[in-house]
Structures are given as structure tokens and as C-alpha cells.
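Look at the two complexes coming up: subunit A is in both, with subunit B in one and subunit C in the other.
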Partner chain A sequence: MNRQLSGFRAWMWQRVSAVYLALYIAYVLLRLVVSPPGDHDALVAWMGGLPMWLATAAFLVMLLLHAWVGVRDVVLDYLKPAPLRLLVLLAVQAFLLACGLWALAVLVKLL
Partner chain B sequence: MQTSPRPVFLNLLQIRLPVAAVMSIAHRGAGVLLFLAIPLLIGLLSLALSGDAGFVRAALVVQQPLGKVVLFLLLWALAHHFLAGIRYLLLDAHLGVRAPYFRHSAWAVLGAAPVLALMLLWGLA
Partner chain C sequence: MHFEVYRYNPDTDAEPTMQAFDVEVERGMMLRDVLLQIKEKDESFAFRHSCGEGVCGSDGVNVNGSNHLACITPVAEFREPVVIRPFPGRPVIRDLVVDMSDFYAQYQAVDPWLKRKDPVPEQESLQTPEQRARLDGLWECIMCGCCSTSCPSFWWNPDKFLGPQALLTAWRFLADSRDQGGEERLDALDGPYKLFRCHTIMNCVEACPKHLNPTEAIGHIRNLMLKKSV
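After this line comes the complex of A and B, so read on.
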């Protein structure tokens, strides 16, 4: 995750992922407001359809990437002592990894 | 760092930040809040997908008063981060960089975010 994801590449990926996240979130919120799934079966039918499933899996990857670059920037700006930085960055990575694995487990069960 | 005799004034309570700076700090704060909320959303989705009973419980979670307050705060953070992000993308494309627009768009983001959040809350829960 960390490798090469710095400088211009990180800056560019932050924007690419931002556009994807914005489109996905706009679609999901619009759909939830306009025609919310009324029960469990309707929710599974919507989220489990292949296009939506793939879009959600891509959303998960983009979200973790976006969150990592963003939170790393914040940590590097405000935490100066090297050991503290390392500790917090490792905690952020562990947090994101755990979130990613959990979300993946939820998504896999939908298939 | 070199020590210099220049006076340093860093009283955060007295410095008057430009509106774009307030919006920018809120963009960061909202981002960190949304980052911390990721497990909440995965948990809610997991619950809603777990079965009929889970779906009903997930719907109840966002309809009870505390759930609504948390949902509103997260929607506000999301709306702010979303709108401020669009503003940054436009700035990257050199749109709205000049004097009045730069400030006006920052005010617009700060004002529109809670309104958008309220509309979404009303539509969702």
C-alpha cells in the first residue's frame, strides 16, 4: 500500500479516487432516497447484482486508498516526532486493513 | 530551525482565519471523522444484509433519536467533504482561483453542507 504511493502519484490517486467515490456515493444516496429497498430481499437483489457488486468492491478499494492518503497527509502535517508518526501510521494501516477484510467478508457473502 | 528575533504570534484564539482556511480545516476534520466512521457503515451494511430481522434492526438504528443525530453529523461531514472536494478539483483546474470567487465558494461550501445533510437525513430516515 505504501510503496511508491507518495508525491505526485499520491496526489493524482487522491483525485482519481475522489471522483469515483463521489459518483458512487451520489448514486447510492440518490437511490436510497428515491426508491429505497423495502426489505432484506430487495437489498440483496440490489447490492448482489453483478454490476453493483463490482462497483461496490471498487468503491471499497478506492475508499481505503483515499482514506490512507488523506489521513497520512494529516498525520505527517501535525505529528512531528518520528516514533509517534510511525506508531500512528501503523495503527491507521491496521485499522484500514481490518476494515477492508471485514467489508470483503460482507461482500463475499453476497455472491 | 534557526532562531530569529522576529516576533511570532500564534494565539489561535486571536488569529482571524480567512473563510477558505476555516473551510479547509473543516475538510480535514470531516475527512478524519468519516475515516473513523468506516466501521459503523460496514457494521450497518452487514446487519442489514444478515437477514430479515437484521434488515429491520438496521432500519430501526437509523430511525431512533441517537441514530438520527449520528447520521446527521456523518451526513454533514460527508456533504462538507464532498462539496469542498469538488471545489478543490475546480481549483486544480484553475477555476475560481481569483479573488471574490475563492472566498465566495468557500462560504457556499460551508453554508450548503448542513442544508444538504438535512435534506439527505429527511430523505433517508
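After this line comes the complex of A and C, so read on.
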């Protein structure tokens, strides 16, 4: 079995991340409906608590992973010319990296 | 009934055309019978066929947008005009005759034979009835190509993605108690293309004239990979 994030490993991580994303989103929505934070400070305090912060950091990692596997699948299916494929994959990586760094900056501020 | 049939000879025609035929349809008539009558009206019309009873898998065609095996498909089930085309995604050799080279190459790529590490027994390799039953729904494939040529993933990557037919065959040998090549078979199936271009679209299940389920077989292969990896 290969060690790269392709084939079976990519397929497995896509599913694992999908389950985590679904659980996280369901929990956050439920919490916002059942017991919504009263103001911005309460929201920051909730998101900045260690368990929620860790869960959100994991959500970020899983979201980037899920997006990467999904978009790469589409590129592998539809884009045949190797230079174009490389260019698009690099652009997707750059975009996801930028999103990840931005989200990381927000997470660090919450601490 | 009114039929519109795809006509194309790449050597002489600039582009494909559809030719109209009216055929007197009798009760119980199969699509292959119609194609034979069209052939009588126009001898230049080309299509593959052989056994006429759903065994050889030669006469797969696309009818009103979905793939069928002409010899076991009652023509009465189609809405008029009945539009008959070659299998989608395959290079046309002439009219309904397509080049299935990629399809056969993918079948060959899954090593469709029993692999033994132990010495081959003097007589038969015995199986329990339960072990034999695991092969039901797998061995019946007649390689007509209705499934693989209805699969968008196979249209996009026919040279790299094995396609539903070859993957059904791969599972047929992985599931066989007499086969001892499981590890190498699974290793060969890993990678981004061979197995994992399947996006569970399930056109293959709908198209199979033998009512087999390649998507389920692909799911079994993935589950087996999962079991082996944990």
C-alpha cells in the first residue's frame, strides 16, 4: 500500500474528514441554536476555550484535506494536459495554503 | 416502428449521420432482430453479433441513451423514435462497431486467473459451498462492455481507470478462496487511477444486461483494502 496521499489513502482520508466535518458542523449549529452566545465576547470565549479551539483547529486541517482530495479528483478526471494540470494543482495548493494561514491567524488570535 | 441508426465510416465520411429506417416489429422481437432487418435493407450497415442469446456479449449498443445487449433486449420496451448508436466514448470503426482495445487491456491488467503460491493440487482445488457462493454475481460477466462504456470515469480515463468490468473481475478473484494473490492484487489496484477513479455513479449497475453489480464489487475491494490497512 503506498504512503502518499493518493489512491486508497486519499479515499480513506476523504471519508474520515467528511465524517469529522459533518460532526463538527452539526455540533456548532446545534450549540448556536440551543444556547447561542449572547454577544461577540461570549462567542470569542466559547471558540477560544481549549476543547473548542482544538476541535476547530482539527476542523481546519480536515477541511483543507477534504478540499484538496476533492478538487484533485476533479482535476485528475477532467484535465489531461500535464502542464495545465500542474498549474491548476499548484494554484489550488496556493489557495488552500493561503486559506489555511488566514484561518490559523484567526485561531491564534482566539487564544 | 421507427428507428434512427448511427452511420459512420471514418475512412470515407466527413462526419457521422443518423439514418432512418421503418421496421415491421413482431411480438417478442429483440433489438438484434431489428438490426438484422436493417442490415437486409442496407447491406453496408455494420454491427457486431454472434450467439443471439446473451452469451457471447458481442452486440452491445446504445439505445435511446442507455447501453443494452441487443439480442436479449425486447424492442417493444423503447419509445419511438428508437435511436441506436454505438457504445459511447469508444472510437468508432464503422457504424455500431467500436474499438474495444482499452476495455480488453484493462481486463488483462487485473490478471484474470487464479494465482497460487502453494503447489497446485494434483486434482481440483476444493471449495465449500459457502466459498463457491461468494463468486455468484461475479463469474456471470460476459464482457459485453455495457458497463464500462456507460461509465463517465471510463470515458475520461479509459487507458488508466480499470472500469467496472475489470474491477468486477478483480473482485471475482480477490473473493475466490482458491486464489493466493490477494496482497499483490490489492497493491496493483492502489494508486489514483486504477480503482479510485470510480465515483459511485452506478451507470454500470443500470447498464449490466446480466444484472450484476460492479459498484458493490468495487465497494468490497475498498473495504478489503481498509481491513488490510488497519
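Brief remarks follow.
As a convention for this text, the second predicted complex is superposed on the first by the 108 of 111 C-alpha atoms of A that agree within 3 Å, B and C clash if a C-alpha of one lies under 4 Å from a C-alpha of the other, contacts with A are read in each partner's own complex, and residues count from 1 in each chain.
We take it that a residue touches a chain if its C-beta (ideal position, glycine included) is under 8 Å from a C-beta of that chain, and two chains touch if they have at least 3 such contacts.
Because the structure is a prediction, the values reported are computed rather than measured.
Judged by the number of subunit A residues each one touches, B leads among subunit B and subunit C.
Of the two partner chains placed by superposition, A:Leu101 touches none, neither subunit B nor subunit C. In the superposition on chain A, contact of A:Asp39 is made with subunit B only, not with subunit C. Of the two partner chains placed by the overlay, only subunit B lies in contact with A:Val19; subunit C stays clear of it.
Of the two partner chains placed by superposition, only subunit C is touched by A:Leu76; subunit B is not. Of the two partner chains placed by the overlay, only subunit C lies in contact with A:Phe8; subunit B stays clear of it. Shared-chain residue A:Leu54: touches no atom of subunit B or subunit C.
Of the two partner chains placed by superposition, only subunit B is touched by A:Ala67; subunit C is not.
For the contact definition in use here, the subunit B contact set and the subunit C contact set of subunit A share no residue. On the subunit A side of its complex with subunit B, the touching residues are 15, 18-19, 22, 25, 29, 32-33, 36, 39-40, 43-44, 47, 63, 67, 70-71, 74, 96, 99, 102-103, 106, 109-110. Residues 28, 31-32, 34-35, 38-39, 42, 45-46, 48-49, 51-52, 54-55, 78, 82, 85-86, 89, 92, 120, 123-124 of subunit B touch subunit A in their complex.
Only residues 1-2, 6-8, 10-12, 73, 76-78 of subunit A touch subunit C when the two sit together in their complex. Looking at the complex, you find that subunit C touches subunit A at residues 153, 156-157, 186-187, 190-193, 195-197, 199, 222, 225-226, 228-229.
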